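The same subunit A turns up in both complexes below, where it pairs with subunit B and then with subunit C.
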Partner chain A sequence: MDAAFFRAWLAEAAAVVESQRDHLTQLDAAIGDADHGINLARGFGAVTAALEQASTPSPGSVLTLAGSTLISKVGGAAGPLYGMAFRQAGKSLGSKPRADLHDLADALEAALAGVQKLGAAREGEKTMVDALAPAVSALGKAIAEGAPAGAALAALADAAAAGAQATISMQALKGRASYLGPRSVGHEDPGAASTALILRALRDVGARGEAT
Partner chain B sequence: MKKLINAPEAVVTDALAGVAAAHPGLAVDIENKVITRAAGPTRGKVGLVSGGGSGHEPLHVGFVGFGMLDAACPGEVFTSPVPDQMLAATRAVNGGAGVLHIVKNYTGDVLNFEMAADLASDDGIEVTQVVVNDDVAVQDSLYTAGRRGVGATVFVEKIAGALAERAASLADVAAAAREVNERSRSFGVALTSCTVPAAGKPTFELGDSEIELGIGIHGEPGRSRGEMAPAADIAAAAMDAIHADLPLSGDLLVMVNGMGGTPLIELYLLFNEVNKYVQGKGARIARNLVGNYITSLEMQGFSVTVCQLTDALAELWDAPVDTPALRWGR
Partner chain C sequence: MTTPRRYPGQAAAPGSAAGLIYQADAADPGTTEHAARPAVGAAGAAATPAQVEAAFAAVAADRRALAARLRAAGRTDEADIIAVAALIAADGVLVGAAVAATAAGGDAAAAVREAAEAQAAAIEAIPNPELAERGADVRQVAAAVLDHLAGGQRDRPTGPVILVRRDVAAADLIELAEDGLVGAASVAGGASSHAAIVARGLGIPLITGVDQAVLAEPPGSLAILAGDAGELVIGPAGGQWLAAREKFAIRSNAAPRGRCGQAGPSRTADGQDVVILCNVASAAETRRGLAAGAAGVGLLRTEIPFTGRSDWPSKSQHLAQLTPILGLLGGRVATVRLLDFSGDKIPPFLRDAAGPRPGAGLAALLGHPAALADQLQAVLAAGRDADLAILIPMVGSLDEVASVREQLERATAGAGARTPRLGIMVELAATAASAEAFAPAVDFFSIGTNDLAGDVLGLGRLSLDAGPRLAAEPRVLALIEHVAAAAADAGIPVSVCGDAAADPVVLPLLVGLGVRTFSVPAAYVERVRAWLAALDADECAALAAKSVTASTISDVQDLARHARDS
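Right, the complex of A and B next:
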């Protein structure tokens, strides 16, 4: 996977976030403040623009620029958290011109660690961690079992989607939804939902045969 | 959605252009969304920076000026600003005595201000962060992101701002800000929801006879839903929540704040109920604010904030202030 692959991932993520903008905002309206889709669409739009303008020769530089742009453009909690995730992933990949599946797994592990450090969230608290953590585990397991790239990325995306679905029955303990207490139960966490969408974009780009 | 706007994505910048035109005492960087005093930083004075999502006007932009803030960074509607804005504001107001960041306790605001403070320290600017968390509706901080910062933010900005004008040290200004926060409690009630312009429809639905108790300031639902009742009963419910957390005694500073869509006649009616409640507990409202100071777009509803005054805090409250939204003594 080269820099072009990672740029394609972010372009796909921007497209899927834009198409799901109102859905994410509606999820946020139920248990937050009705801006998640709006903010992420604005942020990934800015990422697309930044990547068009800057030279990003390595996978690491692509993700680092994406992270910095999200921090600068999104605001809210999602800006720093997604920004940190992409920056940590970029830092993990370094300046190598290509990343293999192991590198990607390490990068997503670093992203998860960055999000958890900044947001102090653990699994089960109804946050994006509930999609990202099982996804990272599933990718690691698939790699250990010798799965090909396409299947490994599918396992990653499936686990993220299942993780996001699992937040429906959780009570929020972090973020704005936590103010609702038990009333937060019964709604999908918007951050977990957007994480699942972004990782689905990674799977879809991989399925086009570029994840070699 | 009926709103007096040109385009949902331009609400904040279009409004800032209006602020710039209306208030020549402010320097408004519309593109970067940083508002400072036109006179620039005061040498040797602690700089006060606050910020948060837009939609709470006059907070924070309306409180930039002599005796209060040196700078404000408004984010998109209900979305915290980004570290770049806060860093630009911090640099702009640094008069060599350090900068105080006044942050409402919402996850996004805290994270972005922490990042900005980190970046500012790379510049050699000393930054202290004070987090305001006065909302008693959030009962259990163990299972939540902690109490929200709401009405007490106005008190913190006024009193810390007054002290900063007297060339107090950063440590002293921060201590005063924390003291105000610790002595203050708030509770909010919504009669209607509100519509984020870019979302286009109300954040939540309330029936004709329903009210939302324990709301924050972002149109987020509260802790519980109740039945519409006489103002005396609703005021008592809000004051009971405050009194249970911080028993009312002595001289109080009380703000009855409209959420944006509440007529003043109702706010004064509520103030009367709050005053009677306070007197019933043997305390006294020594200072007050009645009006729209920290709002939630066009939401109908109110919040009440109580601060237990000391003589020193009352004197700082009375000190001259000259901002678009608070002005006296000068």
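Right, the complex of A and C next:
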């Protein structure tokens, strides 16, 4: 997976987030301030524009630029959290021209650690961690079992989707949604939902045969 | 003698009380709105960032422990409310801002207040009304943190106290209820605040939206809180205070001893069956009413959480209110009143359209069939297992009944549910006078004594001195007699769900007029049961017959006193 692959992932993520903008906003309206879809679509739009203009020779530089852009363009809690995730992943990949599945797994692990540190969130608290953490585990397991890239990325995306679905029955224990107490139960967490979408984009780009 | 100071406010939890003023915000630097100036002389101003962080952590731990105690006692709803305060006190965004501002060399108390104000303002700007309402909880957490920085608990009040605070918190009420709290008045907040829900559950009268000048009233002042009329009177004449104290003592919050959980049928002294139901707007009240032996809910006020809203509540918002309440009832009676946006409960979005006309709220609801359908569908879904009845408020015409019945049938067919009984509130004088015309069109009558008395006597708001007892006015009694007779002729049940049913003078008269079903505030169930058990139905009938033809309310009271003493 080279820099072009990661640029393709972010372009795909931007398209998916844009297409699901209203859905994400509706999820956020139930337990938050109804701006997650709008904010994230704007942020990934800016990421696409930034990647077109700047030179990003390595996978690490692609993700670092994406992270910095998200921090500066996305408001609320989502900007810093996603920004931290991409920057940590970029830092983990360093300046190597290509990344293999192991590198990707390490990068996503670093992203998860960054999000958990910044948000002080653990699994089960109805946050994006509930999509990201099982996805990272699933990827690691698939690699350990010797799965090919396509299958490993599918396992990653499926686990993220299942994790996001599982937030429906959770009570929020972090962020503003926690102020709703038990009333936050019954709604999918918008951050977990968008994380699942972004990882689905990674799977789809991989399935096009670019994850070599 | 000084003149009593009167503070009007909005009735958030019903009832009345006489007590001594307890100022919980004594450490507050003043009465200016969220003062940014340093807290002159306030302890805690010089706290370090670590102390600020520790104070938040202490408040979070304190709230978590209180929530656990409540949960262990089966008070799940109050526990959920307090647990939210614990989460807010542990919110990194809030704590981080306060700690950072303190570390930057700020006054710690000001840093906490400003961080809370910024977070509360951000929450309140969110277009999710339920989340926006939590802004008040943020400020209450900050107030508790400031208390902690100032050296923890002040002297606990003793005796009958009326809590006065800028922003009364649910936790204040729960904690002080054990120390003789009889009432509360809040500068901030509304009828849908957590504090209001808890106050109603505890049976503690609460008024909100009181002028902040009340915060400067001397602690320990004599005061009378008229929760229903929405007024706090500070510094009444001593004699008046004592009279009020005596009058309200029987309705005070103190839990009756030795009767808790008493169940089984209620009877009068001569063995007549009577049914006691409870009036509720929250699960906490419902739990309290059922624990006291209520046979079900005779009046579920559905509009209470929505009186501050900017649009009709959605089906899911109705479900969020109804499900926790109706889920407690099993197969018991659940009488759900349709949204009653009338009187002082008109939300902003209806204020221009509705105006002061009684019944305007019902007209608005009927004018928005989608809003009515949302509510009916939610009631049918949440009340699936209960013995469900729908109650239409402020009915003035048969057309209104027909219109609701048509929508109800459509909703029932859509849900595949059993058709619930459909009844009307008889609370307009004209409706009561023509009860025989309404009786064939409905399944039951429920008499709302407060509004009926107000309409008959031409009062906009019930006065402090009379309250529910106005139902004993002979003209009101004559109308109640007429309604009860029309119900008997048509073979439909009649109940009284107004506060008069919980008044010891009016209750025998209602029994005497043939009423056998009473729905009373959850906190009064046991008292009413005890009063009924001491009444003889024949004696009540004789008393009622004389009272209906009496000329004034004081004649009726004399008759009642004579009957009781003989």
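Simple rule for what comes next: the second predicted complex is superposed on the first by the 212 of 212 C-alpha atoms of A that agree within 3 Å, B and C clash if a C-alpha of one lies under 4 Å from a C-alpha of the other, contacts with A are read in each partner's own complex, and residues count from 1 in each chain.
The definition used in the following text is that a residue touches a chain if its C-beta (ideal position, glycine included) is under 8 Å from a C-beta of that chain, and two chains touch if they have at least 3 such contacts.
Being a predicted model, the structure only gives us computed values, none of them experimental.
A.B. asks: Looking at the overlay on subunit A, is there a clash between subunit B and subunit C, or do the two fit?
C.D. replies: Partners clash after overlay.
A.B. asks: If you stack the two complexes on chain A, which partner ends up touching A:75: first (subunit B), second (subunit C), both, or neither?
C.D. replies: After superposing on A, A:75 lies in contact with subunit B but is clear of subunit C.
A.B. asks: On the A-aligned overlay, A:33 touches which partner chain: subunit B = first, subunit C = second, or both, or neither?
C.D. replies: Both: A:33 reaches subunit B and subunit C.
A.B. asks: Please determine whether it is subunit B or subunit C that touches the greater number of subunit A residues.
C.D. replies: Result: the larger residue contact count on subunit A belongs to B.
A.B. asks: Please indicate which partner A:179 is in contact with in the superposed arrangement: first for subunit B, second for subunit C, both, or neither.
C.D. replies: Once the two structures are laid over each other on A, A:179 reaches both partners.
A.B. asks: State whether A:25 touches subunit B only (first), subunit C only (second), both chains, or neither.
C.D. replies: first
A.B. asks: In the superposed model, identify the part of subunit C that clashes with subunit B, out of 297-305, 423-431, 495-503 or 531-539.
C.D. replies: Comparing the options 297-305, 423-431, 495-503 or 531-539, the clashing one for subunit C against subunit B is 297-305.
A.B. asks: Using the superposition described at the top, list the residues of subunit A that contact subunit B and also contact subunit C.
C.D. replies: 29-34, 77, 119, 173, 175-176, 178-181, 183
A.B. asks: Report the residues of subunit A in contact with subunit B in the complex, numbered from low to high.
C.D. replies: 25, 29-35, 38-39, 42, 71-81, 118-119, 171, 173-176, 178-181, 183
A.B. asks: Mind pulling up the subunit C residues that touch subunit A in the complex?
C.D. replies: Counting only subunit C, the residues touching subunit A are 80-81, 83-84, 87-88, 91-93, 123, 125-128, 130-131, 134, 137-138, 320.
A.B. asks: Going by the contact rule set out above, which residues of subunit B touch subunit A in the complex?
C.D. replies: 53, 75-84, 106-108, 111-112, 115, 137-138, 140, 143-145, 148, 196, 198-199, 203-204, 216, 218-223
A.B. asks: Of all residues in subunit A, which touch subunit C in the complex?
C.D. replies: Residue positions touching the partner: 29-34, 77, 119-120, 173, 175-183.
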